[in-house]
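Two complexes are shown next, each including subunit A; its partner changes from subunit B in the first to subunit C in the second.
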Partner chain A sequence: MQEAMIKRAKELLADGSVDRVIGWKRGEFAYDITPAVFTSAEELEHDFVFDDFTAANVSKYLVKETAKEGKILAFLKPCDTYSFNQLIKEHRIDREKVYVVGIPGGPKLDIEKIKAKGITGVLSVKNEDYTLKIETLYGEETMPFSEAVLDKCASCKSKKHVAYDELIGEDGDVLESNRFDMVEKLENMTAQERFDFWRGQLSKCIRCNACRNVCPACTCENCVFDNPKSGIDNKAAADSFEENMFHIIRAFHVAGRCTDCGECSRVCPQHIPLHLLNRKFIKDINELYGEYQAGADTTSRAPLTDYTKDDCEPSVVHERGVE
Partner chain B sequence: MLKISKSRLGELFDAVAAKQTLYIPTDREPGAAEYKKYESGMELTKELNTVRSAKDFFFPQTENLADFRIDGKNIEVRDIREECGDFVVFGVRACDARSFTILDKVFLCEPVDSFYKNRRDHGTVVTMACSRPAETCFCQTFGIDPTSPEGDAACFDDGESIFFKANTEKGQAFIDSIASLLEEGDTAKLDEVNAKTKEIMAKLPLAKLSTGNFGGDKLNEYFNSDKWAELSEACLGCGTCTFVCPTCQCYDIRDFNTGHGIKRFRCWDSCMYSDFTKMAHGNPRLTQLERFRQRFMHKLVYFPANNNGEFGCVGCGRCLAKCPISMNIVKVMKALEEK
Partner chain C sequence: MQRIGVFVCHCGTNIAATVDVKAVAEALGHEPGVVISQDYQYMCSESGQELVKSAIREQKLTGVVICSCSPRMHENTFRKAAASAGLNPYLVEIANIREQCSWIHKDIATATDKAIILGKAAVAKVHLNTPLSSMESPVVKRALVIGGGIAGIQTALDIAEAGFDVDIVEKQPTIGGKMAQIDKTFPTLDCAACILTPKMVEASQNEHITIHSFSEVADVKGFVGNFTVKIKKKARYVDETKCTGCGLCTEKCPMKKVPNEFNMGLDNRSAVYIPFAQAVPKVATIDPNYCMMLRSGKCGVCSKVCSAGAIDYKQQDTFIEQKYGAIVVATGFNPINLDKYDEFAYNQCPDVVTSLELERLMNAAGPNGGTLLRPSDKSHPHTIVFVQCVGSRCDDEKGKPYCSKICCMYTAKHAMLIREKYPDTEVYVFYIDVRTPGKNFDEFYRRAVEQYNVHYIKGMVGKVTPKSDGKIDVQASDLLANEQLHIDADMVVLAAAIEPDKTARPLATMLTTQMDTNDFFTEAHPKLRPVESATAGIFLSGACQGPKDIPETVAQGSAAAAKAIGLLCKNSITCNPCVAHSDELMCNGCSSCEKVCPYGAITYIDKEFRMPDRTTKVRRVASVNPAVCQGCGACTVACPSGAMDLSGFSNSQIMAEVDAICK
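Up next, the complex of A and B:
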C-alpha cells in the first residue's frame, strides 16, 4: 500500500495536479511517526511511511494547509474522512484546495499497549499473520496483533470513506461497532460510582491540552481557556473542580460535531479515556434526536443546530437525572 | 556494600515511612507508573520510569505563593510559606536525579527561590540504578551513567538484593536510619548486572547521539536555521513535552479570585503555548515555529550559554515516548546537524 501511495503522490506532484502532499514521515524507531507535508518525489521516497503505526488523523492540518497557496493531496483513512467532512461543513477547510485520496483504514497499533506487556527496548515490530514479532534490545518477543490494537480502532465505526476524489484499494462499509458498550456500563453505574470513575480518570490530567489541540472539532482561533480576556482562561487547574470542568466543557463544545475519531484518547499522555465523554453525547443525540453521525456528509443539519417538532423537550434532562 | 533482600523491601519502606513521608514509583495501570505517597503494601513498579518526572516533588505543577485578603480598603498580604516536613523520594532514575542539578541552577541562584529551596532542604533523593534501559534512553549523551546514579543515596538491584551507597551526608543519614535492616553483601553479581547494562547502553539506538555540535556559542548558527519550519510543521502546540520533561522549569504566576481575596499561585507554563510570556504589548513569539524553536534553543544553546556548558536535557526519553506527533529533541538535534 505504501508503495502505491508514494507512486500516486509522485504522479500527482509531477503532472501539477497538486503542489504538496500530506501524510506521515518515518522516525527514529519503528513507531514514532510524524504527520508531514512532502513537496518532492525525493522526500516521498526517502521519508513517506504508511504502516501499522500511521494512526494520526491529518484532517485538521488541512485547516492550516488550505489557507496557503496551491493544492494539497491528503491521504485519508475512512475515519479521517468524517473529520474532513465535518471541517468542510464548518467552513474550516477550502475543499477546492484539497485532493483527497482515500486509503484503507486500520486497525492500527498502539506502541504503549506493547510496552504495557513489559516488552521494552523495542527495535522493530513486524506483523506476521496477526502475530507481532517484536525485536527488542533484550531479545525477540511475540504478542497477538489484536492485543496491541489502538482503542479507537478496536471499536471502529466505519470502513467507508465518506469523502474522496479517488480511492486506493476498495471502499468498505459502516460497521456495527461495540463503541457504546463502555458508555452503557457507565450509565448503569450509580451516580456515586460514575462520579468516582471520572474523578479518578480526570485527576490524572496534567492540562497539556494535547486532547484539545489534536481534536479536529477544536479549531477555534483562540480557545477560551487560552484567552486572558475570556475570564476563564487557566493554564493549570486552580482546584479539582476546574480540572474536571475543562474536559466537560470541551465535550459540550464538540457535542454534535465530534465524529468519534478517537484522537483525544490516543494522544493523552495519561491514558484518560476522554472519548467516552464524547461518546456519551453521541449516544444521547442518537437516542433523543434520531441516529446522527457527524461528518457523514457535508450538508445535513446537525440535531443540535436544527429544530424539528419531534425534538425532545428540555425536561428530558431532569427526568433522566432521577435515580 | 550494605544490602537488603528484595523480599524485605516492604519492611524497609515501612521503616522509612514511619519516620517521614516516603514516595515511591508504583504502577497506576499496566505500562504507566507514577510516584505515590507510600502506604504499607504498596509495591515498587517494574517500569523503567514514571510518566511524570520526579521534578514535581521540588517544583510542583501548581503551588500557592501568597494570599491577599481584602477587607474594605485594606489589603492584607499573607506570607503562606511554612517549613515543609522531611520526605524521601525513593527510586529516582539517574536522568531525573541529574535534572535536580539543572533545576538547582535555576532556582537556587540569587535570588533564591525559597519555595523550591524549602523542599530541596527537606527532601532526600534515593536513586535506583537502571538495568533495563529503553530504546528511547539517551542519558549518556549528557554524560550520565545510569549504573551509577547521583542523588543523596543510590540503590542498585542485582536481581535478588538492593544495595545502598551514600553520595551525600543526607544520603548517609538515610542509610544510617535503616541500618538495622541492612547487612553486608557481596557485589560480584551486581558487577555483572552493571557490566551487562553497559553493554546494552552501547547498543542503544541513540548511543551515538552527541552534544558536540551544540552549546552556548551556536546561537546564530541554529537560531536562523531553515530547519525549524519543517521541524515545527506538525507541532500541535500542546504542552505534553514540557509537562513530562524533568528539566522544563518555566512557570507563570496568576491570581485566582476567591471572592473575598486573591490567591496568587504559580503553575508550570509551556513555551509551546500561545500565551507563553505574553506581556502588555502582546506575545513575543507569534508563530508556533518561534515557540517550538524556543524550547529546543533553550535546552541546547541558551541554557549551556548561561550555565558553563551544561545542557538543559537529561535524555530521559519521556518526550520521545509521549509527544502526540512524535517530534522531539533527538529529531531536532539530528536535523539541525545536517548541514
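Up next, the complex of A and C:
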C-alpha cells in the first residue's frame, strides 16, 4: 500500500495536479509516526510512511494547508474523511485546494498496549498473519495483533470513505459498531459512581492541551481557553473544579460537530477516555433528535443548530439527567 | 467608578403586599457601586419618574436599576426618563420583581429574598452596561400584500388610499379569494359578490395598486423598510396585456372536462378558463394539465379564435424583483381535507358535501344556477342534516384543536336560506354548542331557530350511511333528550374545520416570521400587537393569523394597512441597538450562527486581515446586518468560539447576572 501511495503521489506531483502531499513520516521511533507535508519525489521516497501506526487524522492540517497557495494531495482514511467533510461544512477547508485520495483504514496499533505487555525497547513491529513480530533491543517478541489494536479502531464506526477524489483500494461500508457500550455502562451507574469515575479520570489531566490541539472540531481562530475575555482561560491549574470543567466545556463545544474520530483519547498522554464524553453527546443526539453522523455529508443541518417541529421538548432532556 | 441608583416600586400592593420593598431597597443599597437606593409607591408615575431623573442629575448616576414590573411594561418609560435626564437609555436595567416574583409567591420572606437576588443580578449587569445608540435605516415607500382575498384587497385599498404604491400577489388567476365563492354573508344575508366585486374592481382601477395574479412569492431578502422580493409570475399561456376577457376561447375550447375548482369540482370548465364572470383581472388562463395543445401539440383552437392574438403557448414563468418597505401577509384559509372522516361518508356519497360546496350549490353562478339540487340525481332535497365541528375542537390527530369560529354562523345562514327558499325542507343542525359572539349574531341564530324552525339538536352525528334507495341514514345522539336518533336525510352538510393555506408555512420561512403549531401566523403580542408579526415590517391580515369571519377580516385588513402606512410614512426607522455583532478576529466563518439566525441577518464576507508578519490573510467572517437583527441571541449561543455577542445582553453581562444569583 505504501508503495502504491508513493507512486500515485509522485505522479500527481509530477503532472502538476498538486504541489504538496500530506501524509505521515517516522519520528524518533518506528512507532512514533507523525503527519508530514512532502513537496518532492525525493522526500516522499525517503520519508513517506504508511503502516500499522499511521493512525493520525490529517484532516485538521488541511485548515492551514488550504489557506496557502497551490493544491495539496491528502491521503485520508475512512474515519478521516468524516472530519474532512465536517470541516468543509464549517468552511474551514477550501475543497478546491485539496485532492483527496481515499486509502484503507485501520485497525491501527497502539504502542502503549504493546508496552503494557512488558515489551520495551521496541525497534520495529511487523504484522505477520495477525501475529505481531516485535523486534526489540532485547530480542524478538510476539503478541496477537488483536491485543494491540487502538481502542478507537476496535470500535470502528465506518470503513466507508464519505469524501474522495479517487480511491486506492476498495471502499468499505458503515459498520455496526459497539462504540456506545461503555457509554451505556456509564449511564447505568449511579450519579455518585459516575462522578467518581470521571473525577478519577479527569484528575489525571495535566492540561497539556493535546486533545484540543489534535481535535479536528477544534479549529477556532482563537480558542475560548486562550481568550481572556471568555472568563475560562488558563484556569485549569487554579483548582480541580476548573480542571474537570475544561473537558466538559470542550465536549459541549464540539457537540454535534464531533465525528467520533477518537483522536482525543489516542493522543492523551494520561490515557483519559475523553472520547466517552463526546460519545455520550452523540448517543444523546441520536436518541433525542434521530440518528445523526457528523461529517457524513457536507450539507445536512446538525440537530443542535437546527429546529424542527419533531424536536423533543427540553423537559425530555432534563428528565434524563435526573436519577 | 460606577454610581448606580436603585429604585424599588411598590406597584400599589401588587409588589408591596408580597415583597418587603423597604428591605429590598436597604439590601441593594449595600451592593457595590450603588450610591442611592429608594422605594416608592408608583415608580412609573410622573413623580416616580421625577425621583429617578433628579437622582440621575444630583447623584451623577452612571447606571439605573428599577425593581418593578416586567420590562415589557415600563422599560421604555424609564429609558425615556433617563434619556431626558441626560443618561444613555441603555444604562437602565429592569429587575422584574412583579410578574417573576410578587405575583407568583405567597410567602413574604421568600419573595423578599428573591426580589433582592433579582435586584443584585440587575446591579451586576448594569455594571457592564455600555451606552448604546440606535441607527437609522431608510424606508422604501412601497408595500407588498401577499394574498388577494378580501383581507389582502382591503389592506391594499387602504394603503393605496394613503398614497403609497402597493402590489398584490395572488396565486390564483383572479383576486377575490374565498369570499368570491360565498353565496350570501351573515348576519345580513347580502350577496357576497355584490359587496366584494366593487372592491375587486376598485383595486384593479386604483393607480397605486398593481395586481400580480397567478403569481407567487419566490424569495424574500432584506429587512424592515427594505425588503427585496422575487415574485414568480407563473406562465398562464395568455398575454395579460392583450387578452380582453371576451371569453370566446373558453367557449370554443374542446377540452371541457376539467373539474372547476371555483365551483369546488361540482361542475366542469374548459382547459382555457376565466374562473368567474367578475374575475379581476379578467384574463383567460390555460391549464397546462388539460390543454391538448400544451400536452400533445394538437389543437390550437383558442389561438385561432382569439382576435386579440393573446394566446402564447410558449409562455414561460417569469420572475420580477421589487423592493418594499412593508409586507402584509394575507394568505387566508382552506377547509380541511375530509378524507379521514369515513364516519361521515364524505368520499362515498356525493350528497354529503362541505359547507363551501353548499355555497356553490346555492349560488346563482354555481353548477345548478342557484337551485339547490342533490349532486347525485339533481333532485330537490327534502331533509338536510348539518353537522357542526367536523374537525374543529378535535383532540385527535384527524382534526384541529381550535374552534373554526365561522361555522356556527354560516350554518345558521344556510339553514335559514334553505327554509326561506324551500319551506318544505326539514333542516337539522347537530351541534356541540352554538357560538354566536358578534354584533347581531345571536339574534341571527335565534331567528333561524324561532322564526325559521330549524331543528337544532345538541349532540354529534356518529355515523352517516348512504342507503341503496338514495337516502342517507344519519345516526346521531340528542344529548338533551338523551336518545339515539336516525334521520333519513337527502343531503348532509359538513361544517369542515378551516386551516391556514398550505403556502403559508414555506412563506413564513421566507419571511422569517413565526407560526403556531396550527400554522397560523403568530402575532407580536396576542392582545396589544395583534396585526404585527414578531418580525419587524411584516404585518398580518385576515385568516392567516387565526379563524375569522368577513367583518373581522376586513377590520384586521384595515388595521394591518394602518400599521404598514405608519411604517411607510417614515423616511427612516430607528433600529433596536441591542443587536448581535461578531468579533471578526475570533470568527471562524463556520456558519453556525447563520444557520440558527431566524431572521437571515447574518451573511459572510471575505475580509482581509493584517497578520503580525506584515502579510495579509483573507478570511471568511460573519457580518450582522443590524437593521435585520432582532437581538434574539441565538447566534451567540451557537458560536463555538464566542465571537458573536449581543449588545445590551453580552455574554459577560449574562454571566455576571448568573454569578450574582448564585453567590
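Annotations for the structure displayed:
Keep in mind that, in the parts below, the second predicted complex is superposed on the first by the 320 of 323 C-alpha atoms of A that agree within 3 Å, B and C clash if a C-alpha of one lies under 4 Å from a C-alpha of the other, contacts with A are read in each partner's own complex, and residues count from 1 in each chain.
As a convention for this text, a contact is a pair of C-beta atoms (placed from the backbone, for glycine too) under 8 Å apart; a residue touches a chain by one contact, two chains touch by 3 or more.
Keep in mind it's a predicted model, so treat the numbers as computed, not measured.
Superimposing the complexes on subunit A yields a three-chain arrangement in which subunit B and subunit C fit side by side. In the superposition on chain A, A:G290 makes contact with neither subunit B nor subunit C.
Set side by side, subunit B and subunit C differ in how many residues of subunit A they touch, and the one touching more is B.
Contact with neither subunit B nor subunit C is seen for A:P144 once the two complexes are overlaid on the shared chain. In the superposition on chain A, contact of A:Y61 is made with subunit B only, not with subunit C. Panel annotation: after superposition on the shared chain A, the angle at the CA centre of subunit A between subunit B and subunit C (CA centres) reads 130 degrees, nearest 10. In the superposition on chain A, A:N222 contacts both subunit B and subunit C.
Judged by the touch definition given at the top, the superposed model places A:D306 against subunit C, while subunit B stays out of reach. With chain A fitted onto itself, subunit B and subunit C come no nearer than 7 Å, counting C-alpha atoms only. The intersection of subunit A residues touching subunit B with those touching subunit C, taken from the two complexes, comprises 222, 227. Those residues of subunit A that touch subunit B in the complex are listed here as 27-29, 31-37, 56, 61, 112-113, 115-118, 120-123, 136-138, 204, 206-210, 212-214, 222, 226-228, 233-238, 266-267, 269-271. Listing the residues of subunit A that touch subunit C in their complex gives 67, 89-92, 219-224, 227, 229-231, 253-254, 257, 301-302, 305-306, 309. Subunit C meets subunit A in the complex at residues 517, 585-592, 595-596, 604, 617, 619-620, 638, 640-643, 652, 655.
On subunit B, the positions that touch subunit A within their shared complex are 28-32, 46, 48, 51-52, 61-62, 132-136, 200, 203-206, 230, 233-234, 236-240, 242-244, 252, 254, 256, 263, 265, 267-270, 273-275, 278, 320-322, 324-328, 330-331.
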